[in-house]
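Remarks on the structure that follows.
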Amino acid sequence: MIGFPILSLITFLPVLGMILILFIPKEQPKTVKYLSLAITGVQVVLAIILLANYNYNLAGVFEEKSFQFIEKFTWINITGLTWLGTVKIDYFLGIDGISMPMVLLTAIISFIACISSWTITKSVKGYFALFLLLDTGMMGVFVALDFFLFYIFWEIMLLPMYFLIGIWGGPRKEYAAIKFFIYTLFGSIFILLVMIGLYFSTTETLADGSKILTFNMLAMMNPANSTADGILSILNPNNLRFIAYIALFAGFAIKIPMFPFHTWLPDAHVEAPTPISVILAGVLLKMGTYGILRFNYPIFPEITRDLMWWIGMFGMVNIIYGALVALAQKDFKKLIAYSSVSHMGYVLLGMASLTTTGINGAIFQMFNHGTITAMLFLIVGVIYDRAHTRGLYDFGGLASQMPVYTGFVTVAFFAAIGLPGMSGFISEALVFVGAFGVETTRVLAIISTLGILLGAGYMLWTFQRIFFGPLNEKWAAMTDVDKRELSMLIPLSVIIIFLGVYPSGVLDIMNTSVNTLVNLVVNGL
Amino acid sequence: MLQVGLTHFLVVSAILFSLGVYGIVTRKNAVMVLMGIELVLNAANINFVAFSRFSGFGLGGQMTALFVIVLAAAEAAIALAIVLNIYKQFTNVNIDEIDHLKD
Amino acid sequence: MSESLIINLSVAILFLPLLGFTVVVLLGKRFPKLYLFEVGIISIAFILSLIVMFAKLSYYPNNIVAQFTWITMGSAPSAGSFNIDLGISIDNITVMMLFVVNLISLLVHLFSIEYMHGDKRYTRYFSYLGIFTFSMLGIVLTNNLLMMYIFWELVGLSSYLLIGFWFEKKSAADASKKAFIVNRIGDIGMFIGILILFANYQTFTFDAIYAQIEAGNMPFGDSAWLTAAGILIFLGAVGKSAQFPLHVWLPDAMEGPTPVSALIHAATMVAAGVYLVTRIFVMLTADAMLTIAVVGAFTSFVAATIALTQNDIKKVLAYSTVSQLGYMVMSLGVGAYAFAFFHLVTHAFFKACMFLGSGSVIHAMHHEQDIRNMGGLKKKMPITYYTFLISTLAISGVPLTSGFLSKDGILAGTLAFGKLTGHWLIPLMAFTVAGMTAFYMFRLVLLTFHGEPRDHHKYDHAHESPKLMVAPLVILAALSVFIWYTPNPIAADSGWVLSSWIKTPTQVVPNETRFDFMKPDAAFETNSGQHAESHGTITHSTLYTETMHWAHYKAMFASLAVAGLGILLAFAFYFWKKLNADKLAEKIKPLYNFSLNKWYLDEVYDATAVNGTLNSGKGFSWFDQKIVDGAVNGSAYVTRVVSKISGWFDTYVVDGFVNFTALLSGFVGLLFRKLQTGKVQTYVAFVVFAVIVLLLLFKPF
Amino acid sequence: MANLYQSLELIKPEIALSIALIVLVTCDLIFHKDKKFIPYIALGGLLITGIFLLANSSVSGFAFIQTDLMGKIGLVAVDSFGTFFKLLVIITSILIVFFSFSSEEIQKITDRIGEYYALLLGMILGMFFLISATDLILIYLSLELMSLSSYVLAGFTKLRDRNSEAALKYLIYGSVSSGLMLFGISLLYGLTGSTNLYVINMMLQSPNANMFTLAFANILILAGIGYKISAAPFHFWTPDVYEGAPITITAYLSVASKAAGFALLIRFIKTTFVSFVDSTGNWQLIQVFDWKSVLIALSILTMTLGNFSAIWQNNIKRMLAFSSIAHAGYLMLGLVVFSNGGLLAILVYFVIYLLMNLGAFLVAMLIANKTGFEDINDYNGLGHTSPFLGIAMVIFLVSLVGLPPTAGFIGKLYLFIALVDAKMLAVAVIALLNSVVSLYYYVRVIKHMYLTAPEKETQAVKPNLHDTILVTVLVIPTLLFGIYFQPLVNWAKNSLEILGLM
């Protein structure tokens, strides 16, 4: 174990940076940028330190002692409320195999988004301050083990995101920003309600043996901690667990975004500046599925078992529907946005299988979609920076004009299509293997394979539109990718190909945890 | 002979109250509206006194009525000052024309 | 030579082209001479594969397998512990394929040095050849379905890149996309098939799966699933080997550079489908085999009929490739395993030779591809002509050629199949195709090389290709002669290839799901294990062996007859001009339509590819346009309409719901606003009203 | 006499306030020329009152005990609950005095400045008694004392028509409401024979009264209190008066006067209609009137109406007026659960509401001072030109929405905890959906400040040191209580005692 509170550091370092930035005079945008880059860089280093010290054999999931890098101390402790007993909220951080890949992903994507933000010229100070705040929120969501803390991090992200889209976005930014805000807030009120409900249904045993109500999400997973009459307690015959499950699921589903809650996504993506699209697709969408795996699955295993077909069904709808809509798009970025909808469907499908393979695939797909879609958005950004248009019909023949760029696009596109040798293939394959292996989701898996075909369809169609054919003379002066862009595209390509060849690099991290999770959901604690 | 009892007082009070409310809602002139308010207050006063007198509750009710009368006077003073102010600015005291503040 | 050395060499053969690709693609821009590095790499790989082939064939009768664990899943709660392994398996077929792939790849590399000279993406071209070779070798070497699928997709990628190599041309870009997507359709089937097997056996490895099937462990407890798995995996082959109805991509793929067509779309990649079926041969049930046989036979027939009238030199070759692939697939379907693979090898050589030859012609004619504009090239390009002629003889099944040996075996196989099962349509189609093949191939030769030149301008500039281009032709033509395969030009069985190199494996599916003739008879069961050491033909039952013997000479004579007829007709039409093809077509038009209704297929395919629209009245055209081509091709109409509708749905309904709620809240707000009149008396009235309402609502009990 | 002495001991803060009022009025009369020091008298008086309050915070008991009645029941109850609200009022008042230093509107009237503070002190005195009163007559008197002062204050500046209009509307509406309430009181008196809440409670425990009349009386009284807390449908005066009144007074009305109103409502219901509090902190109502349903209906109506109307507002004061109506709805939710948990939620919420609402008004005032803008559409680009005020405004508004990590979230959290604990899930869902709706209009201000490009160069608003400190004083706890709310809850937890019969 490491001698310093590494999780707190990795989470709150950006806030520190934000405060520093507020003291840097407005006239020095360079300093602000380099400071942000340094902060996110240190985050990556910390994430690698975490990985290096990570014990692959500890499961976590529901057991406090097998979580790693735990930091836990009392944050709020209000005694003497006769009717509530002691109100105690812990500052409780820790990671297991489910959150570790997400922490890695967040660090990497933030760093790359930070490089991508170099082109920002409007109110640089404000931009990077908000960016770093967003970073803290994202990291916090993945490391928090107390529901209350989780919820705070979850909501902290809303406002920076609103501003980042709203101030630095495209023409319809105001609409997109508020739409994002309203949708996610709508989702999170359900999470809040369930959180309170669970609070009243769970007790935690203190050191002195007394039992108090708790927000500790690990305690919520153990039926032994249920109160007798809590509204979401499994012991209470009139419990509302089913409704709570749906509410919680809906709250997270909006973030995924799951059909039919997905319409905020294309708008947000199209209007957001490139780095924010990268963050949005790379990390934020993962929070939805992460939340479902972290809360819905272990806390409500019996309902998860009942609803697995439905989860898979929504996954399937996402896959097919997203792909079909993507086919009809004329805007490059919108197309990528819908492809995200489609790809997140695989995550849902894999999760629905309730098998190790499927859930491994789902989490791996979360990671891979993060890197691949981040790259796709960077690619859109490259072309948009030069041409100031994203219309698919406006281009043509760029392959000869920008060969290096085309090379990266090929990597990203084929990774998105799920070409073997790239990370996306492994995760999609695992998802299908998992979903197909279970009777409940088998038919869904078969139908979902159509998504592979449609994916190839829209991706190749786009590829042809933009890169093939005779060069559109309008873009004869277009330059190939520069060093800064290379510095973003190369690491992502390397990650994508490396994980395509050596998927165990990520899969091994989560194996133990996923097995434990599946066991918990399928067989109970 | 008809014995005048509590009920009669209450009926009078109710009528006064209703008249007061009616006046408040329908009169155009601000002063008339204020009169309506006085009627409502006095309806309450009648109640207090009547209850105090007929139900054997002691003198509390009658004392209350005194308080209310004093307060009504104070209120009237402030009200008239404000109405005066209104007159200065709007050159009339028709309260249905004073509707600049609205949605 | 130890087993581990063979393994190591094979791995080296596999990864050398990848090295070539990586180096050339990354540094090719800076060092334009790097294509030589790629060529060198392939030469080394070829030499290694030669060594491996001889070592394996000479000293190791058994499979050599090496594998490692790729992904560990730990111990899953319900399924127990399982891992995903990758590995290579080297048997005789593998090493022969290694040799074939590397040889043709090398020759194509050499050919391309001249052919592609001056192209602006010259080095990139060679790097693509490298990645293709790598992917193809992966398919050859794999010992499991997952790796098969992985490399399957990777050849799809390299095919995509190479077909679209001249992406400035819209047709090339379209063709590359079409190829990838049509292949994907097949791949999905294959993927589901693999899923069926994995879901039941928790492994991707061929041997492990077959061991479980042999143990009577059916997928989901029903042999129908086994049939389904077989057919679904075969769907992958349908895509890659351009079988009906997914064959539409291959003719379009001729948009790629001609050497690429030779390497990928004639000799190697398209044969991967056949190779896949040989790999899963042992788990095919009778139903699956029949399906495969029918698909193969039908494909070969459809393609042959189409090839009869093509005028683009590469298109003719492309359809002939489809037709020959259909042959191989059919051969596997009827159980003639060894001949199928044999034909794969011989076909690879002579078809590569033809493609390279056509490349040579096209090169000489300044990228003229229409045979109606050629003629008389024999004098100008003698080496090209003679090599082409040898290959043509081979494909027509003229004795003394390799093609005769392999084709004859296949025909015998179909004949035997017809006799054994009563499915006579299959041999009928097979023989018809043999005749048509001979006809259209000779038509091609005659129109191209004989007669008077029809485009004098181009003819005058034509000249024999440089040495680097003709050398591969000569090598390949030489390999199309029987002597490399058997000392006896009329009995392939007696040759070393069929007698000792290609061993027909025993099926593992339960007896009741096999064809009768595939069931081992009593004598057989006693010494199972050694049966693979056979005398050439399928040895699964004595009945079958006898039938094959019965069929052997009948098939030979029949095939000779039909081939001769075909050649004769070709000469009659195009050399002696005794018959006028145009007139004939005019004269027998109604009959033509009626009797050879399949011709429509060709027209419909052609028209959809060009126009995207065609009146559909006949079942075929409808089927073709809407489902086969329509779903994927340039029109992609159905998909588009659906996606448009979903797009609309998304904008107006899903989004609309959200906006509607916003609107509703706005409306409610407006309603409330109406209350705020600004008149204080109204407010007071509201209060009084509210008091009354509250009193009515909450009046006690 | 001992009784009187003890009583005076208990109402020391009120006495201090009264003395401050007298001193202020006297000084105002004596010094004609220079009145600059007058506000400091008010400030001093408020501080001394505050100190007395703090000193008194652990004291509880009845003042002015009427010995002729059963037990020790007084006119004024001094308890921790009352002290809590009085402290809120004092804090608000002190802040408002500082606001007034910054306010251009108030600074323009130099000659009548004494009256302004005198009226303010009078109003505070009224609120203090209102908070503690346990007798209907005292309630009515203190309500009137408070109202009469506020009528004048609403129209105090007389700078524009709208000041006078606001005053007139407030006057008429207020008078009618208090008239209705008085009529209700008279009926209640008639039914129970007393104006003392405790006595009424006892009488109701063994009811023989006419239930219909009782309901009528209750509703009339509710109308009076509802007007004070601007609960729908008694809220109609609020937007008009808030818009018309000087911004300092608007802010004051929205917090202090609402606090007093809520204290009254809670105390009135708790002491009059609750029979006992069980061990889990639930209040058992006397089964004479269905307060629960009435209050649920009103609170839902209030928050819904407030939120939905606010969407359409362009004037920031008017928008904040509707927002304060909505918040009154949320606050009433704390009461409808009828438990100590709900009461705790109200107390916590009120402190937070004080901070964020005053903060929002303060920023709006500073902007209006400099630019004259009260229309949200004129705020375009202000966030960029005035970063400090912009960020502060964002924090206040986000807190009003109730998002973490601001204090507003904690307020909402406690409310919902109380609701879920009482298993009133439907109400909780409605309230949550309402808070989503509220996002629209709060964020609209943010949108205009940051997202919408201004048509012309926006004037930068640079707050001076005084204003900066004032804003900071409000921002810091708004953020701090969002992250570390333990002291706040502990304070509220110790302020739940409402003197009653038990």
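Labels for the chains are A, B, C and D, by order of writing; each one numbers its residues from 1.
Here, a residue touches a chain if its C-beta (ideal position, glycine included) is under 8 Å from a C-beta of that chain, and two chains touch if they have at least 3 such contacts.
The shown structure was predicted, so the numbers you read here are calculated from the model rather than taken from an experiment.
> Higher C-beta contact count, C-D or B-D?
B-D
> Where the centre of all protein Cα atoms falls, which chain's Cα centre is nearest to that point?
Measuring from the global C-alpha mean, the nearest chain centre belongs to A.
> Using the average of all C-alpha atoms in each chain as its centre, how far is it in Å between subunit C and subunit D?
Comparing mean C-alpha positions, subunit D is 80 Å from subunit C.
> Cα centroid separation between subunit B and subunit D, in whole Å?
Those two chain centres are 27 Å apart.
> Centre to centre, by mean C-alpha position, how many angstrom separate subunit A and subunit C?
Computed value for the inter-centroid distance: 39 Å.
> Per the centroid of Cα atoms for each chain, what is the distance between subunit B and subunit C, given in Å?
One centre to the other, that is 98 Å.
> Where in subunit C do residues touch at least two different other chains?
Residues 673, 676, 678, 680-681, 684 of subunit C touch two or more partner chains.
> Going through subunit B residue by residue, note those that touch at least 2 other chains and give them in order.
As it turns out, subunit B has residues touching two or more other chains at 21, 24, 33, 95, 98, 100-103.
> Residues of subunit A that touch two or more other chains: which are they?
Residues: none.
> For this entry, which pairs of chains touch?
So the chains that touch one another pair up as A-C, A-D, B-C, B-D, C-D.
> Mind listing the subunit A positions that touch subunit C in their complex?
Result: residues 179, 183, 259-260, 262-263, 321, 324-329, 355-357, 360, 397, 399-400, 403, 407, 410, 414, 419-421, 425-426, 429, 432-433, 436-437, 442, 445-446, 449-450, 452-454, 456-457, 460-461, 463-464, 467-471, 503-504, 507-508, 511-512, 514-515, 518-519, 522-523 of subunit A touch subunit C.
> Mind listing the subunit C positions that touch subunit B in their complex?
On the subunit C side, the touching residues are 673-674, 676-681, 684-685, 688.
> Residue numbers of subunit D touching subunit C in their complex, please.
For this pair, the touching residues of subunit D are 168-169, 172-173, 176-177, 180, 211-212, 214-216, 219-220, 222-223, 227, 233-234, 236-237, 239-240, 288-290, 293-294, 297, 304-305, 308-312, 437, 440.
> Spell out the part of subunit C that touches subunit A in their complex, as residue ranges.
Contact set of subunit C toward subunit A: 25, 29, 70-79, 120, 124, 146, 149-154, 156-157, 160-161, 164, 167-168, 170, 172-174, 177, 180-181, 184-185, 187-188, 191-192, 195-196, 198-199, 632, 636, 639-640, 642-644, 646-647, 650, 654-655, 657-658.
> Per the contact definition, I'd like the list of subunit C residues that touch subunit D in the complex.
Of all residues in subunit C, those touching subunit D are 662, 665-666, 668-670, 672-673, 675-676, 678, 680-684, 686-687, 690-691, 694-695, 697-701.
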